[in-house]
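Just so it is clear, A, B, C, D, E, F, G, H, I, J, K and L label the chains in written order, and each chain counts residues from 1 on its own.
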Amino acid sequence: MSAKRRILVLHGPNLNLLGLREPEIYGATTLAEINESLAESAGEQGFEVDCQQSNHEGVLIDWIQQSMGRVDGILINPAGLTHTSVALRDALAACGLPIIEVHLSNVHMREPFRRQSFVSDVALGTIAGLGPPGYRLGLRALMERIQA
Amino acid sequence: MSAKRRILVLHGPNLNLLGLREPEIYGATTLAEINESLAESAGEQGFEVDCQQSNHEGVLIDWIQQSMGRVDGILINPAGLTHTSVALRDALAACGLPIIEVHLSNVHMREPFRRQSFVSDVALGTIAGLGPPGYRLGLRALMERIQA
Amino acid sequence: MSAKRRILVLHGPNLNLLGLREPEIYGATTLAEINESLAESAGEQGFEVDCQQSNHEGVLIDWIQQSMGRVDGILINPAGLTHTSVALRDALAACGLPIIEVHLSNVHMREPFRRQSFVSDVALGTIAGLGPPGYRLGLRALMERIQA
Amino acid sequence: MSAKRRILVLHGPNLNLLGLREPEIYGATTLAEINESLAESAGEQGFEVDCQQSNHEGVLIDWIQQSMGRVDGILINPAGLTHTSVALRDALAACGLPIIEVHLSNVHMREPFRRQSFVSDVALGTIAGLGPPGYRLGLRALMERIQA
Amino acid sequence: MSAKRRILVLHGPNLNLLGLREPEIYGATTLAEINESLAESAGEQGFEVDCQQSNHEGVLIDWIQQSMGRVDGILINPAGLTHTSVALRDALAACGLPIIEVHLSNVHMREPFRRQSFVSDVALGTIAGLGPPGYRLGLRALMERIQA
Amino acid sequence: MSAKRRILVLHGPNLNLLGLREPEIYGATTLAEINESLAESAGEQGFEVDCQQSNHEGVLIDWIQQSMGRVDGILINPAGLTHTSVALRDALAACGLPIIEVHLSNVHMREPFRRQSFVSDVALGTIAGLGPPGYRLGLRALMERIQA
Amino acid sequence: MSAKRRILVLHGPNLNLLGLREPEIYGATTLAEINESLAESAGEQGFEVDCQQSNHEGVLIDWIQQSMGRVDGILINPAGLTHTSVALRDALAACGLPIIEVHLSNVHMREPFRRQSFVSDVALGTIAGLGPPGYRLGLRALMERIQA
Amino acid sequence: MSAKRRILVLHGPNLNLLGLREPEIYGATTLAEINESLAESAGEQGFEVDCQQSNHEGVLIDWIQQSMGRVDGILINPAGLTHTSVALRDALAACGLPIIEVHLSNVHMREPFRRQSFVSDVALGTIAGLGPPGYRLGLRALMERIQA
Amino acid sequence: MSAKRRILVLHGPNLNLLGLREPEIYGATTLAEINESLAESAGEQGFEVDCQQSNHEGVLIDWIQQSMGRVDGILINPAGLTHTSVALRDALAACGLPIIEVHLSNVHMREPFRRQSFVSDVALGTIAGLGPPGYRLGLRALMERIQA
Amino acid sequence: MSAKRRILVLHGPNLNLLGLREPEIYGATTLAEINESLAESAGEQGFEVDCQQSNHEGVLIDWIQQSMGRVDGILINPAGLTHTSVALRDALAACGLPIIEVHLSNVHMREPFRRQSFVSDVALGTIAGLGPPGYRLGLRALMERIQA
Amino acid sequence: MSAKRRILVLHGPNLNLLGLREPEIYGATTLAEINESLAESAGEQGFEVDCQQSNHEGVLIDWIQQSMGRVDGILINPAGLTHTSVALRDALAACGLPIIEVHLSNVHMREPFRRQSFVSDVALGTIAGLGPPGYRLGLRALMERIQA
Amino acid sequence: MSAKRRILVLHGPNLNLLGLREPEIYGATTLAEINESLAESAGEQGFEVDCQQSNHEGVLIDWIQQSMGRVDGILINPAGLTHTSVALRDALAACGLPIIEVHLSNVHMREPFRRQSFVSDVALGTIAGLGPPGYRLGLRALMERIQA
């Protein structure tokens, strides 16, 4: 009997504040609710998700490295690190896994420095501006890619 | 008995070549197959889609204008016009409808001029790099937003 | 008895939506009302106006070319094409007629990309931010120039 | 019996040379002639104009400040200060009056540094390239706005 | 008996004005004369040319798409679209044919925005500044490449 | 009996070296001395300060998040993170507290990259170049704002 | 018996409007109130202040030059000249006095051109965004530096 | 008997401090000494000089305008206004006189913003970095040009 | 009997390696073969070519100067000097001869620094990307221009 | 008997993956092998090395600070932090030790953002592109410098 | 009896064409005439000049190196190398002699790339736009500096 | 018996001055001493070095070309040509040999224009800032690579 396929879901800095922080931008859904919803969606397709959040760039990189050989893909919202972390990019590029990048808000409607992403060109694709449902769509796309 | 909700699906220049053109980037799926798949997905949620493709910026703008009052949202892949058409942007901004922007390929992996989008900040959100399934995800997000 | 002098009035993409679109920027006057007002002003000075609108860059260029030898000046609001169309600029430069550029809104208060105009330096002058009356002022200036 | 409405007309540095200076750009009309023409146009609409010229940024700012509460609008050709004076911009923004910016020549046909204006986005609108008649058109637009 | 080889010759916006427009830049040769000369040169090598001109970006793209499978190469002067049309570039890249880009005038002697070409790096090569004879040289190079 | 008001004082990377490091720039005062001085100043106004230093971006973000609901304002010297951390900025923006940014040295006299701050526009204000006394001035301003 | 120490307080263009102008940015305190408050703070430390405001760059430079040898430091809010006056900068650099730069509003939250200061790197330090109290803090820092 | 030829010598902001200010850059010669030396050199060639200094951009412009028709050339050290004053440039361009620009220090060795000059391209030529003797050389060149 | 017309053919640095160097870019034709082919083409039109190659900028400039009065035109492939030599440009501009610039490879497909040419705007025109046949086309265009 | 000299060897984020990650860029040598080789080379010269790797910017900074007074030099490969960490730079500048920067791959052959280093100008020198042997060369240079 | 002081006069590429080349820019004076005039001026002050011209960057550098210890100053017109040669700059910086840079034409009135000089900030000063007399003025300034 | 392996060592402009020139940057070692040291190091590994220096870009390129087929690698310090010579880069790229670039000083601590290298991305790697020993390290790395 084969093991379930696994997806690492990584939430970057400050995403633990979801539902508390600037609700006019991010809505009222909490991170726990998002994670539950992802677990449910994954389960329907026979997948498991491992959801983690950290405010520490180094911790996120550690997790990506540790996931090598243990997960089949990564769904990541790098939050503020999107625009500043080459080290995170390097970890993602090195892990050799399919990656999808998610942003809750439309980064193009915000400050100009949010338009640069060090992650986008090492990911398969990007979903931005669709709020919490964007995670589910990203997960779905990732599972399809893994099953293909 | 109320009318079905409707979504305008717009495909920009050269997307009629899908399945023929540079398959190593875009895959083998044709535009007709994408449109059928969208019609099916829409139907499951009680929506109709009106799918159109043109190589003419003006024709796309005409269609957007004509859709005002007749559709509930727009799903658009502006293709090459993404990076060059303020007129298309103005039409989308003027129509007052929820809009989702889709790109088949990951624009961040291609030429630098593809990183600028005149559409992204008048759309709710953007999905890029997920290939033909990106359309279905975008449609789903748009239908959810309309129903919310 | 000599023929009346003629002015071609060109309205670029989306201006057919005037009165409908983003009224907080453009006001409630429709394009038809602007055209009537221009016809009246022109008539008082013994001029005729030929008012056209198109969402198609190519159609606008065709009209400019066809006007050569038939009109005495061009009043143009290139709308979104202002910032992106070298082809439109080339047509205006080639026609050899006096040209005045009009913008309804103050382009300097809007997005940065609206500050570049491919039309301004092939026109005699520019009027921006004065709303529909800006057209009448532009027409008046053009008629004075033609009569000079 | 109510007081006449009043408009402050400000001419920036070197405009006292009009009619003397580089006539191939500015024509042969003198500043006195422009001011007379403006007084006449204003009078027809029941307005008065107060026309002033200075080569001193500080003097122009003093006049703007002193006009607060005494005039109903400002018509200004900031000349060379257009491109360099944040202090003048701040005075115009602070006075809370409707403002129209006029330039005699088409700044887009001249040196690149003339394309930046610190005034344009604190004014209602801009008229450029129409020579001395541009002042009359600007005055007319300003009076209409005040009367609206 | 084998069919003749065929070359699509595309002239972009405003090139129908050749011989009329700004002769100090473009000379007195008309587009019809250029086309005749190309037909003659082609005939000498056993080729046929199909010469088309349009002011419409969309029409040019349509023609490129329709030429797929029917012609052996494209000779194109994209005129003003050279600097602004990613959609045209995408069509040329997608068609998979050998392409040569021609410009009548030396774009390096004109406005700075004419130095950027969206076409040059999807073409085999570029010929600029040689006037109408540049077309013949480009055709010759294209025929040689096709025969090689 | 009401609780004392509290201010979180955050010192970014390398500030633990104060008094040891490059004294020609930062002087001889140690961080402990600065913190004592702040505690004293705060006490005089009936405030408490909670002073923390870390070389870890993630730890600083954790502290900011944990302070939500427990402190009335933040005084922060983000040191090298000023110029590189969007994640820190996001945490500060999310916490909803009044913030004052302090820099010991005049960042304008140092390397050009020190002129960009990701913190300044989410803070009430900035104090730079005044050495250790700048902290006391910043604290004073923050207490006044909280008491207002 | 020794003379009192003296500080020149310079207010740049438009600051005479404080309390009148854009109160949502600058608050309701007038310049006279700020000056009185500074005189009081100075007196407590045995200092005198000489407060001056001008809309004229040249007058401000004259005052700085005349203060050489007569004052012990300069507190300056250069207002709009901050971003445009090299001559003011040169005067401040030449006078050889300790200088502190104050801005009422947070320049980083306003237009991008307000981020460049010609004054910051010839001053000891800068205080921005703290409103009228920022002047008192700046004065205090300046007096401490002079007494040190 | 013909009148002597006359040259206007203009010294910009802060040059009245020469000999006092930053002697390591400008040396110990005072402005009065420079002016005397220029008067002497001029006298030897049968010229007169009219030497003026002001910290006010407007005053310098007034003097340039008043010199029209009364002097045969202008020798100017615009000091800090070199880099910021379009109004001064416009006055110099308008006066129609031969102009030579002098800088005491080598502007290329100083801050980057000193590399841009609004004066250089309306002057015949520029002399920089040669200290007070640079004025005499500039005067000599100007007299030769006038006599030629 | 009149002398033959002459054309100087200049090959810049490293072109002596043609046929040896990076054949996937430049093909297998040697420089000697190119020169023979040019001599033949020239001879058919009654011209002579003088073909020279050097890796020394100074030698190329010497040859251009020596050709003044002795040749009727210059065909030049400046190779790496295209992008870096103002001195070569100045020599070409000074010689007063018709010039055509040739590049073997399509510079637009290579490194970004190859897009700048100091030669293009002092040449009649440019041919790029057509390989060795590009020389023959350039020669032909040059001969036609000389004969015209 | 004197203590051995000591060198801190710091490996930045993701370098623990060496030998696993993208071997076509970094080769098959593991970090442990590099460290052993460095220990051996150091031992031959009577030095000790203390080799550490972390994915955490803060941990690297902590180690640098703790090394002050305990080691004689630092050999560092900052990996992805090279391009983004001012805090790391500040720690290196503050420690007052001789530093050599090593990169395994040639950063100039990779993405443009890898060309900026915040470390290079606080290090004695840089070695890049030589693979694992680059560490040994850097160590040797560092030991020579310390012994000099 | 002491040896005469000596000045090396270096003329860069294409200056041997003076009097022949583009006389509307450079006038009719030949290089030989300039050199004679410099020899005469030098002789009057008891100096000798050694005048050299080359089109070769390397030859100019060789001459500068050989002049070390043999001349007392360098007067150089680097011509086109001004804007492109770091090697020439390095030679000038290394020789340790006083240097004055001369340009015949006003580089600010020409192409934008002529505004950058690699020589200006290693020279004492620069004289530009004064034609051949500029050399004499530069020589005079250099002799005065050497005698000082 | 096989021939010795050979390495071409190239020193660019002004490096013949080593030991004489700006010793605070380059130290007191002469080029001859460096070359001897390299010969010795090479000999220990059974290699020969051929050391050459020139101030002429063209001569350096000639030597690189002549070395093809005769040497096994190139060690080059391009000095000032590093930042300006595409021709040198092309020669290095064309020769097909392993190349190591050496700089004596840390180019990142010097003028900004020294940060761009046309050589770095055609070399295996770069060593900068280590003074004369950097050559020996570079040679060692090159010999290892050749022997591998």
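The rule we apply is simple: a residue touches a chain if its C-beta (ideal position, glycine included) is under 8 Å from a C-beta of that chain, and two chains touch if they have at least 3 such contacts.
For clarity, every value in this text was computed on a predicted model and none was experimentally measured.
Engineer: Between chain C and chain D, which partner chains are common?
Structural biologist: Neighbours common to chain C and chain D are absent.
Engineer: Moving only to chains each one touches, count the minimum steps from chain B until you reach chain K.
Structural biologist: 3
Engineer: Could you give the separation in Å between the centres of chain B and chain D, each centre being the mean of its C-alpha atoms?
Structural biologist: One centre to the other, that is 47 Å.
Engineer: Could you tell me the distance, in whole angstrom, between the mean C-alpha positions of chain A and chain D?
Structural biologist: Between these chains, centre-to-centre, one finds 55 Å.
Engineer: Report the inter-centroid distance (CA atoms only) between chain E and chain I in whole Å.
Structural biologist: Here the centre of chain I sits 24 Å away from the centre of chain E.
Engineer: Name the residues of chain B that each touch 2 or more other chains.
Structural biologist: 56-59, 84
Engineer: Touching pairs of chains, all of them, please.
Structural biologist: Per the contact definition above, the touching pairs are A-B, A-F, A-J, B-C, B-E, C-D, C-E, D-G, D-H, E-I, F-G, F-J, G-H, H-K, I-K, I-L, J-L, K-L.
Engineer: So in the complex, which bits of chain A are touching chain J?
Structural biologist: Answer in residue numbers: 56-59, 61-62, 65, 68, 84-91, 93-94, 118.
Engineer: Quick check on the complex: what are the chain A residues that touch chain B?
Structural biologist: Residue list for chain A touching chain B: 100, 106, 108-109, 115, 117, 120-121, 123-130, 133-134, 137, 140-141, 144.
Engineer: Name, in rising order, each residue of chain G that touches chain D in their complex.
Structural biologist: Residues of chain G touching chain D: 12-14, 16-17, 20-22, 54-59, 79-84, 113-114.
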